[in-house]
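Some notes on the structure that comes next.
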Amino acid sequence: MSASAGVRPAGTVRIGVYLCECGPNIAGRIDLDAVRDALLAEGGRYRGAELVVKRYGFLCSGPGKQFLTDEIRDNGLTHLVVGACSPRDHDSTFMGVCAGTDLNPYLYRIVNIREHCAWVIDDPSGATGQAVSYLLGGISRVLRQSPLHERPLEVNPDVLVIGGGAAGMETSLALAGNGRRVVLVERGPAPGGCMGSSSAAAEAVRRHPDIRILRESEVSKVIGFLGNFEVEVTRRDGPAETVAAGAIVLAIGSRTFEPTDDPDVSYGPDDDVVPLEAMERLLAGGGEPLLRDGSPPRSVALVHCVGRGELGYCSGSCCARALALAARLRAVRPDMEVVSVHRDLCLPGRGGTGILDRADASGVGRIRALRAVQSGNELAVEAMDGTPSKRRFDLVIPVPGTVPADDTGRLAAMLRIPLDEQGFFREMHRMVDPSGTATDGVFLAGTAHGPKDLRTALRFAGSCAGQILTRLVPGERLVPEVKVSEILEAYCTGCGNCREVCVYGAIHADPDRGISVVNEAVCRGCGNCYGSCPSGALRTRHFTNEQLLREVDEALRRRVPVLPEPPVAEVHP
Amino acid sequence: MNSIVSRLDASAAVRELLGWLLGEGRTDAVLTPRRLPEDGSCDLALLTAPEGLDRAEPLLPVMTTNAGQALSHLSLSGRRLTAVLKPCELRAFTERVKREQGSFERLLTVSFVCGGVFPLGRVLSDGPDTLAAAALEAARRGETPAGVRETCAACEHFVPTNADVLVSSGEDGCRIHLCTPRAEEALEGFGGERVDTAPDPAGIERVLAARSAARAELYRALPVEGGLDGLIDLFGRCVGCHGCSRVCPICYCLLCDFESAGLEGDLPRFRAALDERGGLRLPSGTILFHLGRMTHMSFSCVGCGMCSDACPAGIPVAAVFGRTGGRTAALFDYVPGRDAEEPVPVTVFREEELDDIG
Amino acid sequence: MTGDPGSGGAAFLLPVGEGPDGAILGLLAGALESGAVDALLLPVPLPAGDSFAWILTRDPAVAAGGRPLPPVMPVQGARALRDLTRKGESDVRILALMRPCEIRAARELAKLGQVRTDGLLLASWDCPGALCSKDHVADPDGAGRRFAGMIAAGSPDAGGGVRSSCPGCVDFSMTDADVHFGLLGEQDGALPVMAGSPAGRTLLGSLGLTPAAGTARWKLRAEMERERRETSRRAADEAAGSKLRGAEGLLSFFSACIGCRICRAVCPICHCRLCHFDSETPRPDPDAFFDGAELRGGASLPANRLLFHVGRMTHMSLSCVSCGQCSDACPAGIPVADAFGFVGRAAREAFGYEAGRGDGIPHPLRTWRRIEPDGIGGLVRDAEPGACAHE
Amino acid sequence: MDGRPAVRDVLVIGAGIAGMKAALMLAGPARRVVLVERLPIIGGKTIKNEESFPNMECSTCMVAPIQQAVLQNPHIETLTHSVLEGLDGAPGDFTARIRAKARYVSLEACIGCGMCWEACPVTLPNEWEESLSERKAIYVPCAGSLPNVPVIDAERCLRLNGTEECSLCVESCAFEAVDLADGDRILERRVGAVLVASGAETMSPAPFVRLGWGTLPGVFTSMEFERLFASNGPTQGAITLRGSGTVPGSAAIVHCVGRAEAGYCSGVCCMAAFKYERFLHHRIPGVRIFHVHSDLCVPGKAYQGFADGSAGDRSGLLYSSSMPDVEVSGSGDSLLVRYPDASGAVAEVRVDMVVLATAIVPDPSSAALAGTAGLGLDASGFVGTADPSGGSMETSRPGVFVAGTAQGPMDIQGAVIQAQAAAGQIASLLDRLRVDRSGAGSGKRPAS
């Protein structure tokens, strides 16, 4: 077995170890002078390397950063270790300091002796001992780190929008122009979606010089990353085309739940039951509601929450649409009884109140029921206090919830985005990044993200546009992740484990050489592949097993006394 | 040469010596073969406490792995180490030190006049205890035990030249020779009568003669002369497992050139070969591997015999490499592992070289 | 298991003449001459006659010297296929004749991207087991005679001296081969040849063989043999299970190991060029190794031998086809295949996965499914089918 | 106004989740952001919740990185303890007058060691903690405040309101960070666009005498309950009743408090109620919990699952046909909640604690800010958008946008989405202005 270079570094290596007092936080509990002496005593371990160990008040302060800069220059440091706080606080600060000198920021390491030692170990000697062990671990790890260099990339500001519905059009209009082109891929004959192809938005999209519409087309293949996607679009009436784009917006909308799939709803073709959307289109076209036998209905019931039990969620927008339709029905036929059958009424915000008031004003009746079972035109209703009643309505309109579009699974696999429990695309973070996805550069607009009302759908479209306008600026350059995985061609046999587990599609096969290859611009250094590789052929830079294991070996070498278990009460439940 | 007389047999004497060194803190750890009676097998052990020595069998006539290979990595640590090495293991370690794979700095080497080791198969069938007894009996008689590895029976370097401590057995126990200042310093204060003797030359001459004859006979039987046909006869049975390079103490590469992607065939190349020749042997490159390994390391081959022992196809690899390597080294009058200062021939350029080839 | 020829939908009769070896060679040569295939891959005896090598050839004369039913398996056939087809493409159509465990290993390797099966026809035969290589090298003729008896009886017990994993092998007959020679079904001078796939059927059809009326006899004898093998497999698993109990069991099972890694090198499934357990990761830093040794009073060398075996088990035992190659090649005589076979069967059962099937079911470690094992033995049925995008 | 080059910089008012997200998106080398925050610390309402629905992710894990990013971003000028006093000009050329109120503590020198507020003799109810705990005259609103620098309450500081010559805080500060001579500063900033993200408030239940808040100690508002559960709150997360400090064995959560009076459903209080149910179960095993509710508003794909998630150990969903008639009465520890049930008859439940899920209403300071900036309000007093049905976030005044609860009641997701949309619209507005101002198609204007 060969000696690894790490054990005996070649050439003069000078490691600077700087211990931050952090006011009382560290110096108050850890004896930094004892730490310095212990480290210098152990210095001999790193053959051929000199150790400089100093303490300072506040390394993160302005003067502190200047002190570090001078130390790096004056001592000609080749490696830097900072014993201070959590990397989440000041890792970037100290990397910034290194960037200001000619020491590569990746030949530096922060060792958390505050949250991991000072704040959690009461007995000072125990905390000091632990700090020494962690710092020794940090030194042995930094010795095995290699310099990494950021390579900024030219950005393609253009955007590909999939889906020409309300959200897709809104996004396209918000993004097109000012040096940015949009390609709108629409599966149907023309953009418009629920707003209709003759709507103002559809007209604006058609006329916009920077929006190119690909009708009756579908996305079939996507490779690339934020700033540099290549999307293959197959067209029904033309050859497949490869579109270059810097970002992709998924605005494929959604479908409504099939009413008869709800066990409480059953009707046949000869019942007078009309789906909500059909009735909306009929009225929008100026038509009148008529029964199958042509006669005008005397009583209409809109049954809310169809499918909510099966879906497990309230779609939040169907109550408003139902009551708006009910009000229009009353306006068209003031003599017709229109009743809305619901349990809860989900009408959030001022808009919701407006719709409710207009419905009440136009005389829409409301029956609140624990449960409503529809068979044909007859409704068996269980009131809130449990009393059952049955009634027949000339016309029944089931109001179903929203379900994912049928193309969701295919596109999700293609774009490497997981689905959530309800089958919609899973957003990056439900609260602080709802329109982003796990694949950086792919955004969710409208009901592709989940059920919502039209205005929120348009706001989601605006949010995608906002993310793209502020992150994908023409002429600016993007700096991709540097701590990426690399595959050593000599060792790889191309088995593909890494390709299977890569969630960003950053690894592809090279059949001629029989190996897998990492696209370093797409890789985000998550390390999934590193864990999956059965051979030693793949490693993630800056987090190689060698570095991690040597850090642990070194930290445990002095066998720190096992810490006493904290009393149960203190443990944060 | 300053020596210590011991009434014990050589193995027990060395065990006592190791126990003393550990007890006195003269060394941090010792490396020695060990018997595992509960499993009926044995292994090479690194022991850091005297208590672990009860099952140690320093002169066990078995080589589960060449200690020179196992030692190389350990010798780079900061700890002081005492290693019991058979002469070929010491020479193998010396060859590795020449290639930056080990260091003598903190090492005390204990070696002995080696009677040879039995093949692994015999350990399986007879068990380590009977083999140890057979070897001890032969050592007393100053002969090579029957049934040892064919390369051991043919080995002429059975007396270590550069060990710190050399143990030679006799009828009435054994002698512990302190060959270097390091040995003197390490064993300063170790009990036992001190005399000035050297290993018994006469016995050595007798064994040397027997082994030279065995070696000549071994090499004569090898079908190496008949070009490709000879090679097919010799390496035909090879299944390409590269076990021989794996257990060889000299082969230290993490990825052998003959396992790398560079020499791997692919369908287009096989198809072209198919057109030229009637048939194609698969997996390809088995014989190429042996010839390549031979060029890379055979001049450093110390003839320990691990490769033949490990070969699942029973190919006499050790004999072939020993013969070819020996003749190559002789061109440069080089003996692998004889002396740590002697550079490896391929790494040195000398004006007057190989004049008798051209 | 006796794969029904249904998928290929055809069975033919091959006159045996003076022996199955010659008959099969004749069929192979016929396939070559008729242009149905461009090259043959089959075992050919070495000049010394004490072993065999896989030879790929287009020359019928070379093929004629081949030995379709070799008594030993020096190189696992899937390793030869791996070396041949792993990289690059070519339109050469190859017919390879191998034992069922070699075919299964090749199917498994296809899933791992190591064997390319397009343009490849795999033929297998009812295997009575494989003799130990060392016995064959010692006495080739004696071994040959014993094996001929085993072929006739179709069972390992007839000759004796087979590898430890052969008596328990239940997949000794037709499994996922394009063509299968049903030696067990030999009846009045002819043996049934089944087509396992449409490609197999077109090949056999093109050779002008007379269609077989049925394969009932072959199925019956194969079923009876399978029951016998099933009982010895259970016994073998029993024994392995008790020996491998806990860390002490593992330590003593592998105590004679010398760390030569030959078991991995000869294994068809282990395809990594640099095994994780030889990479820099597990290699101890000298000082750290000493620390560990001091804590335990000593250490055995070479280091990490048990880590290598248990680690290899976790990496590949789901794909283990129990061909016994590792036990056959181990210089320290350790029955490695008994341990890997036992662990592999338990692991596959937990995942509900069968190794060596060309069924397109992804390897359990390469796919995420909601119905994952809830611990060895039971599968957790999640309410809804996997919502994973890759499903 | 025209002819001068369009200014790229942006003013953001309010450093809650919406303001911070928009600021981070807009700030860059070519575009500075001035972030004005009324309170001495940033983070807004989200950092008051220990955990937020539906992920139940602790707010420090979710928001602290965003706060750190804002404070460490060199292109964002964060002005805490400051208010907008005037806004003149038009899109591309606004002049904002900002009053940076005196903090009396230097942001650079202070390290937040706490010696000063320990020395201060004056103790006052802490409004940030809903007056459940006290603070000093020199104080930071809560533990983990960012920036972690105290401010002096000038009215109540003995020295600054002239009561006595006290300077204990100055003497206790080892870093000379306290400067009692500090005074308000009026800053002027030229910006191209403005984003109002000044947030909203939860309605005070004081006017509803029937609910007993303020008179019955066991009745808590939603904000008070959030602070009770907060680990950095007044009781370090222990849910105990005011005064007696005993742990309640049962609790009733009254929904729709103020819905009729406010005139709309806020859409988030139901989810908050189900979150409180989880808080109670988390801290008090075996506690009995009742919801007094009418419509359950849990819209969106993940919300009903969250509500159903804790259904198992819920004691009762009590439907009330008229929420305005819910009454809470009682003495000592036990409270009686009376409500008209489905049939109209009065039902009751006796509990130890009542939590009022109150409506979200405009923040009075938002209304004042709208006045200062000349923005139109909607009927409920929220800052209106010019096109209420469309996606635009622009207010009635061109170049001034709104995002977050300043525009209406919404959840964190809604606030973040609006902030991102507004940031996008601001970016494209400034790009368009820069192009127009530099003359149609004329040469490249050097990057400013």
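Each chain gets a letter, A, B, C and D, in the order it is written, and its residues are counted from 1.
Please note the rule applied: contacts are C-beta pairs under 8 Å (C-beta built on N, C-alpha and C of every residue); 3 or more make two chains touch, one makes a residue touch a chain.
All of these numbers come straight from a predicted model, not from anything done at the bench.
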Residual chain clusters - subunit A taken out, nothing else repositioned: B, C | D
Pair joined by the larger number of C-beta contacts - A-C, B-C: B-C
Innermost chain, where centres are averages of C-alpha coordinates: A
Chain located farthest away, centre of subunit D as origin (C-alpha): B
Chain centre separation (subunit B, subunit D; CA means) in Å: 78
Length of the line joining the C-alpha centres of subunit A and subunit C, rounded to whole Å: 45
Gap in Å, rounded to a whole number, between the CA centres of subunit C and subunit B: 36
Centroid distance [mean C-alpha coordinates] between subunit D and subunit A, Å: 25
Multi-partner residues of subunit A (at least 2 other chains): 1, 7, 45, 420-421, 490-492, 513-514
Contacts with two or more other chains, residues of subunit B listed in rising order: 69, 73, 76, 78, 254-255, 260-261, 264, 266
Touching two or more other chains - residue numbers and ranges from subunit C: 86-89, 273-274, 278-280, 283, 286-287
All touching chain pairs, where touch follows the definition stated at the start: A-B, A-C, A-D, B-C
Footprint of subunit C on subunit B - complex, ascending: 28-29, 31, 34, 36, 38-39, 41, 43-49, 51-52, 64-65, 67, 69-70, 73-79, 120-121, 123-124, 229, 232-233, 236-237, 239-243, 246-247, 254-255, 259-261, 264-271, 274, 278-284, 309-314
Subunit C residues touching subunit B - in the complex, by the definition given at the top: 39, 41, 44, 46-48, 50-51, 53-59, 61-62, 74-75, 79-80, 82-90, 92, 116, 133-134, 137, 252, 255-256, 258-262, 265-266, 273-274, 278-280, 283, 286-287, 289-290, 293-294, 297-302, 328-333
Residues of subunit D touching subunit A in the complex: 17, 21, 25-26, 28, 52, 54-55, 57, 62-63, 65-66, 68, 72, 111, 113, 231, 263-268, 282-283, 295-305, 308, 319, 321, 341-343, 378-380, 382, 388-393, 408-414, 416-418, 420-425, 427-428, 431-432, 435
Parts of subunit A lying in touch with subunit D, wherever the complex brings them together: 23-24, 58, 88-89, 92-93, 170, 174, 177-178, 308, 312-317, 344-353, 383-386, 420-422, 424, 429-435, 450-452, 454-456, 458-471, 572-573
Residue numbers on subunit B that touch subunit A, as the complex places them: 69, 72-73, 76, 78, 100-102, 252-255, 260-262, 264, 266
